[in-house]
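Shared chain: subunit A. Partners: subunit B in the first complex, subunit C in the second.
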Partner chain A sequence: MSELAGASGRAGRPNQSETSPRARRRRYLLPFALVLPIVLYEGLLIVYPIAQGIYGSFTRIELASKNPPVWVGWDNYERMFSDPAFWKVIQTTLLFTALVIVVALSVGLFTALLFNRPFHFRPVARGMLMMPWAIPEVPVVMIFIWILSPQFGVVNILARLLPGVTQNPQWLQVPELAMGWMVLISSWKAFPFYSLVILAALQAIPQELYEAAKVDGANPLQLFWRITIPSIGTTLELLVVLAAIFSFKQFTIIFLMTGGGPSGATETIVIRIFNTAFRFYDYSYATALGVAGFVVSLVVAFFFILMQARRTQEAA
Partner chain B sequence: MATLETDTSATLRKQTPRRILGSIGLYLTVAVVSLVTIFPVYWMMISAFQPSKYIMHFPPPLLPQELTFYQFAELFGERPVALWLRNSFLIATMTMLLCMALSVLGAYALSSLRWTGRNLFGLFLLITQMLPEILILIPLFVIYRRLNMLNSLLSLALIDAAFILPICIWILKGVFDNVPPEVLDASVVDGCTELGALWRIVLPLSAPGLAAVAVVAFFFAWNEYLYAGIMLSSGQYMPASVGLSTLKAIAQTPVEQYMAAGLVFSVLPVAFYLSMQRYIVSGLTAGAVKG
Partner chain C sequence: MSDHDVRQQNEARSLLNRRDFLRNATALAGIGLLAACAPAGQPDAESGSAAPAVSTGKKQQVRYLSWWFDEGNRGETWLNFVTEFNESQTEIEVVPENIPFDQYTTKTIVGAQSGQLDGDIIMATPELAPRLIQADLLVPLDDVLTRNNITDLSSAHDALRKEGNLYGLDMVTVAFGILYNQQRYEEANITPAKTPDEWVEVSAALTNRDEQKYGFFATHLVSEASDFWFQLEEWCMPYDGIWAEGKTPLLTSDPIIKGLKLFKQMYDVAMPQGADNPTGYRLFQTGAVAQGLYVSAAVGAFTKDAPELYPLLRSAPIPWESNKSIARIHPMMINKDSSVIEEALEFVTYMYKPDNYRRMVEGCQDVIFAQPSAARQEYLDNLEWLKPGFSGVEYVTPFDIVGDFVFNFNEFGQIVITNFADVLNAGKSVEDAMEVAQKQAEELAERIS
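What follows is the complex of A and B.
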């Protein structure tokens, strides 16, 4: 990697007139002194707990007793890999993440293309579009619990229009429906952000490209596939990775709406870790699951860094 | 948005039948998309501002029938909402102050100084920012418990700040990058040290960026649910995000009160997030998108 994209600030200033060795040493040490508090802070609150978690995954922890953790080697991992429930959780996580990426990015792309065209009241409509993104997750959960209420939920009005539906469905009690709603709600919350980023990329496409292609007789579909998509390609790739990270992290909406149920249908790994630790009090097994999640997110983060470096290089 | 306005009027002036049809289609699509997007929020307001006799009815009327406000008074009278909001406010303020102080240092080192290790530091921030919060929860819970740090607003603010700090640093770095280098050069010629330049020149020019950092850090802590729920198990420290999630619609809480609580909690974050969206986008993508 030539230079990490985000860190490519402006070049240092030449012609520093100070020459005394002390001043030079001070200048040399200054950046380290500046970032030291941050590295210490993040080290203490993020890196150290992760290291503790990795260590803990090789032990048996009993929080109720004051006994120190007992070293058990690979036991927790052997249990994890031979546990069918673990593989089901992995499946659910992949399904949820993939569906949210597809739904949220498609809607984001569609709305960005729509809002890239001039029309009256565009600022007002755009403000409305950003609303789901700005609302905190807990109220989002409250809204949808109410909307999906089998008794009085307003969504049932729509459902009743479908042929064969004579009763209000138990939206969160049927596995497929519950998963569908988790995906829809997470996508509803996330798509405005993607839309905003895609819109910025669309507005950076030079108009001359389109005009030249139109002169050559290209139709709108060709304009879209030959100019629009390639021009925002790196942005879309970056967003796919970012959407993977965000949906992999999604906790609050699923946890508060279904808790992972019904019968594990919406239990992603993040929910599983929580349930294992704080409902079954199986801390050591939960830390092993946490390490599995950590490895996955490191891999995805690596892809993000690659994409981001590529995108910044192109922009430069 | 001057160009946009001329675009619009130019498009509207040439009115061939095909064009009119096309623009009707465009407005219809925009209307449908906006309505579907905003409907859940609309439904929260409808349910919050009218008595539940209208809304506890199937099918419920889609337009408001009557406007009332008593539920807000009831909400604050019957539930410890004021205490919850106070706790949230304290946690969020501490998180905000921590992030503002630390992000200035990190952003300056990333933006204006050249040093070996800068890329490594950026990488470090990126990785911390990408990790799911739950991965740290269990070990940190064990550590906090051993140190007797559970049930303290400050302990929660410490971890909230650790999660949002990388994003704050990216936001501020983007803003520092925009300070013209000539201005900095001039200050060095005038005998300013690097730190003096940060304090006297970069910071005053970056006030909007600092405001964005304050908003992002404050409302991250305000909205945060997972850690708040685990770390603050005692009722007197309960912040609003956790308090709200303990309310159960219909079962114990009248719907208009339930939705009023959601509304009270959302007003500030929505207003501030919408006004700062450009900065937040640049932070969430670690500077890859300027917004």
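What follows is the complex of A and C.
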């Protein structure tokens, strides 16, 4: 007791050394010193390249040329906004992003609901559910290229069962089909993660809520819409934002399978940036496109922050 | 010792530790920052070119960058030569580094832009070479000719000269020709075509999609951009066209439109549509594809990749009146910023000794000799597929067909293939697609001028 009293007394009354100007200065500087490494890291490896990219978008750079970069002001942006191909790319990006969000989250929610129920070998099944997410993207691409091969692909066997299909379809050569497959493969790759997060949220819902609702005569659909969805609403909102960010920056699957084709049908902004920089070697225009992509990402992030702020306000 | 004393000591130790930690962390961060900001240890080009490597008992390593070390007999031949050279040297060791062809140009150009080429010895494509020469990134190689008494170097090297100096030495010239599977021709009772129209007919006759038999294959996917353009560039030849003259693109010219329409016809009647390059190659190996426009350098690879097919390979005569085809020169070059220029020169000199050069060309089963006097008629006579498709043809180079766009060959090609893909997949007419491509190419010309 006396120890505790002494301790609390000491804590409440700072000694002389802690109140000296040097100690105060040290205490004041400590937080800055602690964040210094991360600020340096962020500054050198994230902020500086972004700033360099923004600066590059106002210049004209010719790769492997002796000419130094030339300041061209807003030229690259004027070119971008007047380029119909840019608006098509934005349209394709938004369409792809929206479709992946809908498909991946719907499948993720469905499988989470399924795995929330007890059944035999559930742990094994849960492990298998995670496989698409765990496999690296490049082998996934190779597997799907074979599955969709117009000459050897197994999916042709299923397609030929459909009425009117006499030839193996050109899965990645028809614009609409190619976009469909990009959405499906990206969703297939991503849904286990969403499923796992939703499952965790589902398991946090108190069972008493369901039992009380059942006593009041609620049917399964009403349980789902009135209890389950509101209870996991925050998680779903977060996942929508995450899915938007992940699908927005999807590169490997699209680039390796279609390269943005056919006819630009799957050319999202990241593919466009890569092609502009490393196929057309139009480096400065690519940086302008990169800035545009950055702004879109910022809007999504801002939307998320706004949403969180609103929720905090509501909770308060 | 009182509690107060103990506490003071602990406090002091704790403060000392924290201070030490912060001091050390700041010092480390500072050192890291200085190291990051310090200029890279770039070798002094002048001293590098003047001073030979100092003998330290350890061999000086020369990095030799290329895309061909895993290409069948070509890779094997080159690796054997590297071993042979290394064994003959006490102070030099050549280290081969493979970079996939599709990434090679991009990697090199981006490296050049960052201020320094990677590697000491660099292989180049016909389009990459002038770009590097123009940017003053290479070492003159005239000395190699002097040391080896070579006086009959092919005229294709003229494009590799600047201000009287020679900056590249051809290690393989590849020429396009029509290669076919003799068995498939005999089964269908077909003789090689003599005109573009006959070629379409022959290819259609060799095709039966239900049985997965195809008359022809060429790369046609935008996801394989480099390979697609690599093959499509030949399609200006059937009607004797060129893609550009000087800075003026000629994508809407009659020969180009006709050539691309011919490709579309072949795509419609004879090609395994949607097949990627490895699939097309595999289909040719198994006999499912009967013919293709192959470069001579690729034929040798079949001895290893498809030994059953190789004896069946024959070349068809060029089925267009001009009898022209494209030959692509691939020079070996030395990086001006290398710290082992003399050692690198030693290897290039070794490879260009007429006897070594001949052994290398024969090992790779190539057929065009940059040193004509090194060619052995007996070797050429034994290649059954050589005549008539790869012999007696009038060859032109990429420099002749793309004008000033040779310095921006990939960008130009990307414009052509992305628009032409609309013809293959989106039902656009060749004329409409090339009109768009023409405008884009004109914009490119304006940008690079």
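Definition applied: the second predicted complex is superposed on the first by the 268 of 316 C-alpha atoms of A that agree within 3 Å, B and C clash if a C-alpha of one lies under 4 Å from a C-alpha of the other, contacts with A are read in each partner's own complex, and residues count from 1 in each chain.
Just so it is clear, contacts are C-beta pairs under 8 Å (C-beta built on N, C-alpha and C of every residue); 3 or more make two chains touch, one makes a residue touch a chain.
Since we're looking at a predicted model, the values are computed, not measured.
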Touched partner set for A:M130, first subunit B, second subunit C, both or neither: first
Touching partner for A:Y281 - first (subunit B), second (subunit C), both, neither: second
Touched partner set for A:F86, first subunit B, second subunit C, both or neither: neither
Touched partner set for A:W188, first subunit B, second subunit C, both or neither: first
Greater residue coverage of subunit A in the superposed arrangement, subunit B or subunit C: B
Which superposed partner A:G53 touches (first subunit B, second subunit C, both, neither): first
Touching partner for A:L256 - first (subunit B), second (subunit C), both, neither: both
Partner chain(s) touched by A:F96 [first = subunit B, second = subunit C, both, neither]: neither
Which of subunit B and subunit C A:L172 touches, first, second, both or neither: second
Intersection of subunit A interface sets (partners subunit B, subunit C): 17, 30, 37, 61, 63, 145, 149, 151-152, 255-256, 278, 283
Of subunit A, residues touching subunit B in the complex: 3-7, 9-13, 16-17, 27-28, 30-32, 34-35, 37-39, 41-42, 45-50, 52-53, 56, 61, 63, 110-111, 114-115, 117-120, 122-123, 125, 127-147, 149, 151-152, 154, 156-157, 160, 168, 188, 192-193, 196-197, 200-201, 235, 238, 242, 245, 248-249, 251-252, 255-256, 270, 273-274, 277-278, 283, 286-287, 290, 293-294, 297-298, 300-301, 304-305, 308, 311-312
Interfacial residue positions of subunit A with respect to subunit C in the complex: 17, 30, 33, 36-37, 40, 44, 60-66, 145, 149-152, 167, 170-175, 255-264, 275, 278-283
Complex interface listing, subunit C residues touching subunit A: 11, 18, 22, 25-26, 29, 32-33, 36, 106, 109-110, 112-113, 131-132, 134-137, 209, 212, 221-225, 272-276, 279, 283, 408, 410-411, 414-415, 418, 421-422, 424-426, 428, 444, 447-448
Touching residues (chain side subunit B, partner subunit A) in the complex: 1, 4, 7-8, 11, 23, 26-27, 29-30, 33-34, 37-38, 40-41, 43-44, 47, 55-60, 62, 102, 105-106, 108-115, 117-119, 121-128, 130-143, 145, 158-159, 161-163, 165-166, 169-170, 173, 176-177, 181, 184-185, 188-189, 194-195, 219, 222-223, 225-226, 230, 241, 244-245, 247, 249-250, 255, 258-259, 261-263, 265-266, 269-270, 273-274, 277, 281, 284-291
